[in-house]
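These are the structures in question, set out in turn.
Each of the next two complexes has chain A plus one other chain: chain B in the first, chain C in the second.
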Partner chain A sequence: MTDELNPTDSSTTAAFEKLMAGTAADDRYVLRLYITGMTPRSTEAFATIKALCEQRLQGRYELEVIDIYQHPQLAIDEQIIAVPTLVKLLPAPLRRLVGDLSNVERVLLGLDLRRKS
Partner chain B sequence: MTHTNQLTEIDALRLRLEEAEETIRAIRSGAVDAFVVEESHGARVYTLETADRPYRLLVEEMQQGALTLSNKGTIAYSNRCFAGLVGQPSERLVGVDFRNFIPLDAQPIFETLLQQGRAGASQGEIHVHDAAGTLVPVFLTFNALPPDSGPAIGLLVTDLTTQRYHEKVNGLLEALKEADRRKNEFLAMLSHELRSPLAPISNALQLLGLLKGNETPIQQQARNIIERQLGHLRRLVDDLLEVSRITTGRVQLHRERISISGIVYGAVETVRPLLEERHHELDLSVPSEPIWLYADAGRLEQVVANLLTNAAKYTEEKGRIWLTVGIEWQEPSGEWRVASGEKNHTLDSSSCISSSPLTTHHSPLATPFVVIRVRDTGVGIAPALLPLVFDLFTQAERTLDRSQGGLGIGLALVQRLTELHGGKVEAYSVLGQGSEFVVRLPVIPDENLLALPPIIATIPPSRSLRVLVVDDNIDTAQSFALLLKASGHEVRTAHDGPAAMQAALDYQPDVMVLDIGLPMLNGFEVAKQIRQLPVLKNIVMVALTGYGQEADRQVSRQAGFDHHLVKPACIEQLQQILTTVTAQQT
Partner chain C sequence: MTKTANQTTPANRGLAKTPTGIQGLDEITGGGLPRGRPTLVCGSAGCGKTLLAMEFLVRGITQFGEPGVFMAFEETAAELTQNVRSLGFDLDDLIEQKKLAIDFVRVERNEIEETGEYDLEGLFVRLNYAIDSVGAKRVVLDTLETLFSGLSNAAILRGELRRLFRWLKDKGVTAVITAERGDGTLTRHGLEEYVSDCVILLDHRVTDQVSTRRLRIVKYRGTTHGTNEYPFLIDEDGISVLPVTSLGLQHEVSNERISSGIPRLDSMLGGEGYYRSSTVLVSGTAGSGKTSLAAHFAIAACQRGERCLYFSFEESPGQLLRNMRSIGIDLAPWVAQGLLHFHSSRAAIHGLEMHLATIHKLVRDFQPRVVIMDPVGCLTAVGTRRDADVMLTRLIDFLKMQEITALLTSLTSGDESLEQTNTDISSLVDTWLLLRDLELGGERNRVINVLKSRGMAHSNQLREFLLTNQGVELQDVFLGAEGVLTGSARMVRESTEKAASLLRRQEVELKQRERVLKREALEARIIVLQKEFEAEEEVAKRDIDQEQSREETHRQDRDRMGISRQGDKVLQDVEPPIRNHKPPRSRT
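Right, the complex of A and B next:
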């Protein structure tokens, strides 16, 4: 399925289980949230993601909030088209979530914190 | 390319595709606030209504005028606040010259501010015409806006009316405070000045009293009148002095363990002449068990006496006054529990002195208070006046004659002295039916402490002493001299500093009574010099001054004085000192 299932891995079983669990307990998360100023959607998105991170990723995440008014070029570099957008830089693979970020299920899925059924 | 790598690539492509679909879905469903677009000169953000709304609301609803002006001063946008100030709908203001709202004489200032604003930023005060044409003071803040939105200037308009009002009120408040301070100073000085002549008058009166046997009836009557009126005058002056002390916070309580009953009886004795004169009946009820307070006996007696005097004054002749003392317990909830032994007065209760035991049901956490109630059947207090009764110089408009007139400071004193003791006073009244004043004071909770009643020493007649009386007020000096001579002492007088020094050396007195405010060489200086002369080392020096604060006493001790008497000193105080001097000498 992915390159995490490497046959050279000393413990294929362990790697497989790790994959099935959705995420490893020691994976470091680097997230970036792109918003516009002070819209209700921005504040809601931030609140949801912050709470989620504290709950699931305490002590092993970085969350950076970027206002595209202030730094439009950053958004272009990151290939952001519309905001709010949440970017998961680490762990790979890179993922972008656009639009309604107040939906916890959706964010969990997008961050690979829950396996797809 | 390995099989694994191909799989990874397909996976990544699938993710990108999902993202693209998601983005389109989000845009279609209106779940985004803005787009970032790369244009030839860089990135640019296009916001949707949802993103702009908060800013629009902020500017539209803020309580300051916010406008954009063209470089020429024409309004391009005005928020609700400024539109409200000038009384026009916002849309009608578009295209209007801002100068239309400014009086002619302020135009040059506006031009300067606008010009500086175009260049960067500027601020200044100006007036604008409001909806009614009234000139309103405003503070203008100009700042040039970024050129990409076309040449424009942002303008904030702050209405200064409220601020001006507060400034004015503060100014008035300061002026009032200053006036109040001056008034207090004046009162302090006035009462001080009024007191000085009282001492010699009082002394002269006592001298006349020595002639009691040889007086004609007219002389006796006249002397009695002077005596009564002098007493009245002294009380007024004392009250006045007291008020100025209290308002300037210079009251020192000499607190000790005292029983409330002694206070009450003392106060009743003080007011008895007035009660008798007005033929009032006093119904006195004091608990049989002693109630102990940590209080200044003299001050507390003043509180009760003032309440009684007040009741007597405002009750028609042959009225009835109740003075009830009891214990009430305040629960932590603030609720009051009344001792059940307390008598419940009714208007037809017989005139008597009664005492009752104190029993009450209260929680262990309750705090005991002694409660002094003074009730009368007098004219009562109008509801409008009731909240003001404890203010200085407040007096009811009396239907009674002003024979018992006062300064309107008795109740103010009651309140301030009660509060100084950690207590509280309240007034209740029904106009035409009488008033009730309730004083609550904290009780010493430890009931096991034994009280030692103060020992009052009887004064034996003194041996003849040589006394030098120094006062620049000739009447004061002479009246003291005459009184001391009448008690068998040898007396000389002097009226200024150098003369006092000379007289001390010539006469070598046992006791020297020295006024502090002497001409040329003041009392302190005289005392210091005398203390340096070996021949006069045994002289007993008594300071006579208008200042009785602890700090004043300390200064006179440092100057070498043995005793400190506050004017108007009565002859008894001086006699007492002379007696101790005699006792030490023998």
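Right, the complex of A and C next:
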């Protein structure tokens, strides 16, 4: 179910350094979407975030989709309670977007993309 | 104490139960929590919910071989581990053994943005994963309501919680869910709506600066359960609940008699002492020797090889040992041997229930055959008189159930009637010894009598109670024309009596001696008279003999003259007339 490869340590560090440098416009986004199988809610959430990323963050995002049915340990490690949850690892701060992402305003707010809209 | 779940009595048949292993709780619930169902434990902050839940899991693992999962919403695994380490629970070890799984669920409000519809499947997945990883039979969710603070969509949460409890039931695990107590409701978010099988309420109240923890089963569907508020105790061994369900009058009676430690007192009690598992009350005014009597009883128990638990509410163990040594009672060797255990605490340190719970716990741990409480009266200081009575009733019943012989001392203050204790427990006790002071002749002396002793022919006599260098001694009191005499008065009286009797004896002896002397004198006289008589007889005999021989001589002379004169032969047979001679002259 993974859409892209896991971000390597070096890329995370690079993104962090970039953030420290203050180049907000081309922040690199590391996102993970936690879903439970192919439920309508899961697919809807995935479609929404995929479209949003393509539209707003083209070329500078990593999106990983994790099915916690298959990787329950990851749900524990990442403190997942509600599903679906989109975790924004980078740029800081860490955010958990809980729900099917149908409320676009809130999604943009959560991803710190609202000021650009 | 703990019944296994498969054990069914008519009261709980049909509903399988999971024993908690928590002291007392299984007795109140009739065997434990409902097996395979969720139980709600609610209470305000700091009343021991988490601890109860954790103990349920740990005892499940260590005592019943049922692995468990602890899902913590408030504390991390490390914090939990540290918190319960003081109770002797080594969570790291249990986790290592794959018997326990702890999952800390962090719900951080400011990280969460709700963007639409969701469910709590993440929680389900994690719980399921944890349960499967250790094969858990027991699950704890502590405190589930934290979810409400992190997620704002109450409608979704409620639906999901309902689903969660259903799911837990389907999973067949026995779950404990803790919840904060709400204002006027059992839980802040109304969880009791979903968990309907068993609800336990914990409470921590402070009355008169004394805090008491209490536990109550609010609801237990499909089974009978104790409905009272039960005090419970959290100490180094975890939770112990004081079961009052075991109270009743069904205890076994014993015909065995045990010594009071004072031979004279035993003889007052029908010759053999107290009945085993009876309750003895020693009441008396200040300084009348109650503690000394108790110490004798303790020693007697130890000498029989029985353990004795001594609760002292007024003196520290050191003070007690010193004071008893002063009257020749050395308790220290028995303490060293582990047969005698002192528990000293001020009555005001706990509420009554806590005292009761402490006593329960110590009795369970130490397993004594004899319990001494010195004095019980001061317990009224921490509660009302009625409360104290109820508490003592429970205590006495509990001790009887355990076949423990109890000796309670009670202080009677001067202004009260002597035959009244400051708690109305006199009707509960089997043997009541009354110690009191008698003031007479400028001194106070102690006397003891047996006011009552059920089931034995006891003495109705007063005895003087002496504290000597060899401990307590009982003496007969002097009963005379002036009434009961004790102490110096008794001694004075006794010595007067002794002097009078000596005099009488001497007189008799004198008379006897006189009689002997008189007899001897008379006998001596008789001998003298006899000797005189013999002497007289001798003289008389001699006179007669002389007379006879003179007569003979005279006749021969006459015969010779006749021959010489050639006269006729005189007839021989003619006796010459015998001259009368004088009777023997008496010398006296």
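Criterion: the second predicted complex is superposed on the first by the 91 of 117 C-alpha atoms of A that agree within 3 Å, B and C clash if a C-alpha of one lies under 4 Å from a C-alpha of the other, contacts with A are read in each partner's own complex, and residues count from 1 in each chain.
Here, a contact is a pair of C-beta atoms (placed from the backbone, for glycine too) under 8 Å apart; a residue touches a chain by one contact, two chains touch by 3 or more.
Since the model is a prediction, treat every value here as computed from it, not as a measurement.
> Check whether A:V107 is in contact with chain B, with chain C, with both or with neither, and answer first, second, both or neither.
In the superposition, A:V107 touches chain C alone.
> Per the contact definition in the header, classify A:V30: touching chain B only (first), chain C only (second), both, or neither.
After superposition on chain A, A:V30 lies in contact with neither partner.
> A:A47 in the overlay: touching chain B, chain C, both, or neither? Say first, second, both or neither.
Once the two structures are laid over each other on A, A:A47 reaches no partner at all.
> Is A:L90 contacted by the first partner chain B, the second partner chain C, both or neither?
Touch status of A:L90: no partner.
> Does any part of chain A touch chain B in one structure and chain C in the other, and if so which residues?
Chain A residues touching both partners: 36, 41, 68-69, 72-73, 75-76, 80-84, 93, 95-100.
> Taking the touch rule as given, give the residues of chain A at its contact with chain B in the complex, in rising order.
1-3, 35-42, 68-69, 72-73, 75-76, 80-84, 93, 95-100
> Inside the complex, what are the residues of chain C that reach chain A?
So the residues of chain C touching chain A come out as 103, 105-108, 111-123, 125-126, 128-130, 147, 150-151.
> Spell out the residues on chain B that touch chain A in their complex, using ranges where they run on.
These residues of chain B touch chain A: 4-5, 7-8, 11-12, 15, 19, 22-23, 25-27, 29, 31-36, 38, 42-45, 47, 50-51, 53-55.
> So in the complex, which bits of chain A are touching chain C?
34, 36, 41, 45, 68-69, 72-73, 75-76, 79-86, 93-103, 106-107, 109-110
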